[in-house]
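Following are the structures in question.
Two complexes are shown next, each including chain A; its partner changes from chain B in the first to chain C in the second.
Up next, the complex of A and B:
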């Protein structure tokens, strides 16, 4: 191991002092090789041409229409414009079998994928009844709490017997059970903030609460790659939305300065307040937000900061407290902490945390306060017991072990992928590992070949990513053992060779058995 | 030494000049005038127009001053600590027919537990089995290994229950209809919406950015008027009209009013004015109709004529989540375009298992449960009407009723007094809570919800307590 890499490793472990951005931050987004971009666009062009040809044949009646027909009379305005569904009909359907794959077991470190076959090129599916046990590299299970046995499930089962499944009432009426207060207090303690409020759905936490925080006359500065729920919440709030380039602090500062100097559009009145919305870990890129710099800017220009830690809470940081813990910043510097319980706690729902005055305001004005039911008891008890384990309140150090295991798994997996010559996006510490595929046909090829080799992976293309930036996104879990990771790496090695995925110009292409196994093994053991 | 200008050159020049004059003569007169006008304009612009003063740019110092001077408002305004949302009743235990608050048991007429499935042992057992097989969370959205076989089973059961081709489930009741409407209706489309709809539907309508035409609550004549107006407008520009989709957004049984929509007439108008009907049956699913199949069964309307029925698993079924059923043509679109479906984690399997078992119970009961519920609702309605001094909103068969004080005495303060008084007599009721930015804020009322397991004596007791409360509050 080189001295530079060793020192980086020590930096990771000494978290007592506040680290600046350059000390430990290593993110890479290698550029798409030009030739690859050309071939990718050519690929989409050929698919589109074929699509137009097939549509033409269907319209003149030579080919059968496979999509379902409108039961209403023909003189109704068509429900879908033909061009809106062009992509679905002609491109998506070709590789439809790699998405929405049903599973028949707990979504843990391994999963049973239900085998499907199609006789008509993915228009309809039939289940063979066979289950394919595979290593689960697609589900969000960072700390491995997606288990059907163990202390968490036992608590969930007990709570069903004691509380039933639902209160059938809203928080403003009769939906507040004692366990909700217990959860909120525990979460506030976990995050080291004054107060917290929990909701039944992570998506709705953003979509229903941003309107309570911002409104007409406010400005929202949102990162270009923010999640749909944040964009929807910002739109519903009625505030003006401007985006800044992904993780680009200079652009953020430029936009802030411009906004304050010129005021609201047309009237030039000063903005009532400015809210910056960023995410902790971006789920498609694997990048971490540059929190210390953003906090510095927000203080300088008196803006407010909203951090969505859906993918980072529990998964990042030496104590699993998210990006706040990772960067070692003061939690009070972030005005609104938001996160979800789906990823690291193996449950469902979302939370918002911060100062008591903020949370009281949200309790009164959140849309889900009057109109949505409160959370279900087993869901809440799963979170409470997972939190107790992570915080060490159960008397064991199981929580700390899981966090450490996740960090080791991430480093082990990432380094070998990079050294094999794949283009891997994102931060070295992010549990989300996107590996670039680029070409549309390879989206299906990688998924199918990996499944044949016993690995369930997630491949994404347009429109979830840019047209030329399709990728396979691995989600590492603390539940993965070294053997599982080795199996996955071997499979990726074979598939990468079969389908030609080694695009990196910065790292040499190497096969898995050409790597120096001893190095990686030693690093894993000492982790 | 240049060559002398010879006669040929002069002759050529003369002919050129002559042909130029000829072409001038042949040009139309207006063309010449136009050209002369253009030349004069150019001359005027060049010589006579004053240059506009260039706006002076701000200096760096001025910019910094603006930045330093700017003071934002506080993130949240000061909070009223007496707001009811901050002083809620805290429960501890199963919220079924009875509810325990501060150690005292009371009869529960406040939660949406119409069929008393909360705490049902069969449902609880199935949910426990699901936890032992699948764990609690599903750990991913539907597209990425979040689709579990139990979801597919539930979707198929729901579609079968309503006799539709396909069903789709969501993990949260609020975001079901709020994601469905924007998936179909876009900026240029028109939505005809009843004024009394639920807040979640209002948010869906807002998120769609379509043109919204509100008609008075349950007023079919007002709807016809709007449709006729739109039709007249369309006839002026038929080409544009053929690209505008139209939707009617209604509820089966309105949550805010307790009354049922006039569905048969709306279906007639559908074929006359060519719009699609999206009906939200959150309250009417499992409560109205002989076998609990909602307002279509009650009005005896062919369910296939409704394009989409959305509902919730949170009220009658006693689980969490929402769903929509319809033809495959309509429902399949949501799998790629509904935001609450594609970008959110799927429903925890234990809640799906509970919903399947609840459907099993509903199927087994066939009509007994629902007839009992409608019957008791009618009886309660009659008893409430007998108490002079209250106004009762809602259909007689609706298990959800709104109670308010008659004769302009209706204030939130008085209603809160009634609720508190009832609590001291071990009856739990609640005021219907709304946010102030509702499109059409309903009048303050107590929302009474009937649980099918309530006995006649308990209903009688409720009315007695309400009578006493009325006397006290109007004294």
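Up next, the complex of A and C:
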């Protein structure tokens, strides 16, 4: 009844020598069990009915309206179409205390979450003043560089003393500091490409640079589960956007063939260019893109490839160089490498890398070159010092140790979760571990119970995911020790029993005590 | 003896929590929980009462009809 979509790596005759990890590519997306889907929909139905009842009571005046009211006078048209929509009022606000939780310390491997209580069912909050120290399983701190002591932060502090905080200028004017050139050179060397350019904001890197690369008369083929920044950039560019099913090479090929055969929609003229946009690691699913097959297709149909390695740079691959390193492909095959400094480097910003001619074009035509501020000195120095540690330029092998620690942690954590009977999406090697929850009330229950047991997790529901596919997303870090992971697994085991999260039909549901932990410990020590 | 009584109460509490979570009552205010539970109780008790009163007669007449 429940089919498993297991995608194994297919062997390609002329590239089999390059795919050294082909046997380790294992991705699973177990289908939702039928009863779970029925109960989830029923739960939403009950919530909607009661939401309508509450809205009715609010409208006739029995209950006072606590949402923000339209301040314009009565005979003006409303400023927003649905002033605070139904979902926000009736579903989101009821469990609002598990989202946007304020923290009171550096968000490293552990974090202090501020405790809040609410007297009127989450419409207003009060801080009790108490701080809850918890294991941080929600920050994208993959290599553990988000710390307030150590060589990176010392360099950042020294750079403030030397360069101040801001250049007060855009890149085109007086904003290109010496450290920007240093960063771009270092990043180009790291990625093994010709040139690189860095921007101040990761989201803006996508949103403002895709318009410089594509325009009217072009076709953009983007994966269905691409990030909002890619979708926004594609829409802003004015090109025609078509989506293909997630990681589905056959669908991509079908769309490409269709596009080339039929041409532009009305005029049937050939497309000026076709740009395929994929991500390295998809942050909500934990899946990796199938890069070698996409490159083969792109070369066959002569399209361009844009890879967004926001979550994979530094975290995937034997040397931490992203999906390019993981699949061992030639970096020149990918036309536009893009990534962010927010996740693995513990800083802020984004970059685009590739051939020198491409980067020269982007330097002139990007919107952020003349409209947004250049990066601040401590931010850049954090990246430079993190990069030198990862590349081993500071003389130690701390970087390689961190990368290996992350890989060990990910493997250890994922295998135990899967063996316990939870539905875990995604690739075995991705540091993003989404565990499915499905039902709306359980989103709040899991978050609160995990916080009670000392783990700060991120639970996501609609609109970040589909309505019936809410999940808890763990982000493993190289800063997590084995004791922290054990504590988190024990907590997840208890919470899983309390809230009954063990949905998997493929793996028998087991308690943590029943697992043969000697196996996992041996594997952890040996890797 | 006391341990097994405690475990029984824990089990009942766990069942109650499952009811609250699966019907999404966990996120509702207490009066909404009372309203929905009363509604559900009314429906189920009506169904059970009807079954209790009418089923024997229905079954007997069905057997008579088919024999």
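Convention: the second predicted complex is superposed on the first by the 502 of 527 C-alpha atoms of A that agree within 3 Å, B and C clash if a C-alpha of one lies under 4 Å from a C-alpha of the other, contacts with A are read in each partner's own complex, and residues count from 1 in each chain.
Quick note on the criterion: a residue touches a chain if its C-beta (ideal position, glycine included) is under 8 Å from a C-beta of that chain, and two chains touch if they have at least 3 such contacts.
None of the values given here were measured: they were computed from a predicted structure.
Contact with neither chain B nor chain C is seen for A:391 once the two complexes are overlaid on the shared chain.
By the touch criterion stated above, A:225 is placed in contact with neither chain B nor chain C.
Looking at the shared chain after the overlay, A:498 reaches chain C, while chain B stays out of its contact range.
Once the two complexes are overlaid on the shared chain, A:439 sits against chain C while remaining clear of chain B. Of the two partner chains placed around the shared chain by superposition, neither chain B nor chain C is touched by A:37. The partner that reaches more residues of chain A, of the two candidates chain B and chain C, is B.
With both structures placed on the common chain, the touch criterion links A:164 to chain B but leaves chain C unconnected. In the superposition on chain A, A:186 makes contact with neither chain B nor chain C. By the document's definition of touching, neither partner reaches A:132: not chain B, not chain C.
In the superposed model, A:249 lies in contact with neither chain B nor chain C.
Overlap of the chain B and chain C interfaces on chain A comprises no residues.
Of all residues in chain A, those touching chain B in their complex are 67-73, 75-80, 88, 92, 99-108, 111, 113-114, 136, 138-141, 145-149, 152-153, 156-157, 160-174, 176-178, 181, 200-204, 207-208, 213, 227-229, 232, 235-236, 257, 260-261, 270-274, 301-304, 335-336, 340-343, 345-348, 357-358, 360-361, 363-365, 367-373, 376, 378-379, 382, 456, 458. Across the complex, chain A is touched by residues 14, 17-18, 20-29, 32, 35-36 of chain C. The part of chain B that touches chain A in the complex is made up of residues 58, 63, 66-67, 70-73, 75-81, 83-86, 88-96, 99, 108, 110-113, 118-119, 123-124, 127-128, 131-140, 142-149, 151-152, 165, 171-175, 178, 184, 198-200, 203, 206-207, 241-246, 271, 274, 276, 304, 307, 314-315, 318-320, 327-330, 332-333, 335-336, 339-340, 343-345, 347-348, 350-351, 354, 428, 430-431, 433-435. Only residues 39, 42-44, 46-47, 50, 91, 94-95, 121, 439-442, 444-445, 498-500 of chain A touch chain C when the two sit together in their complex.
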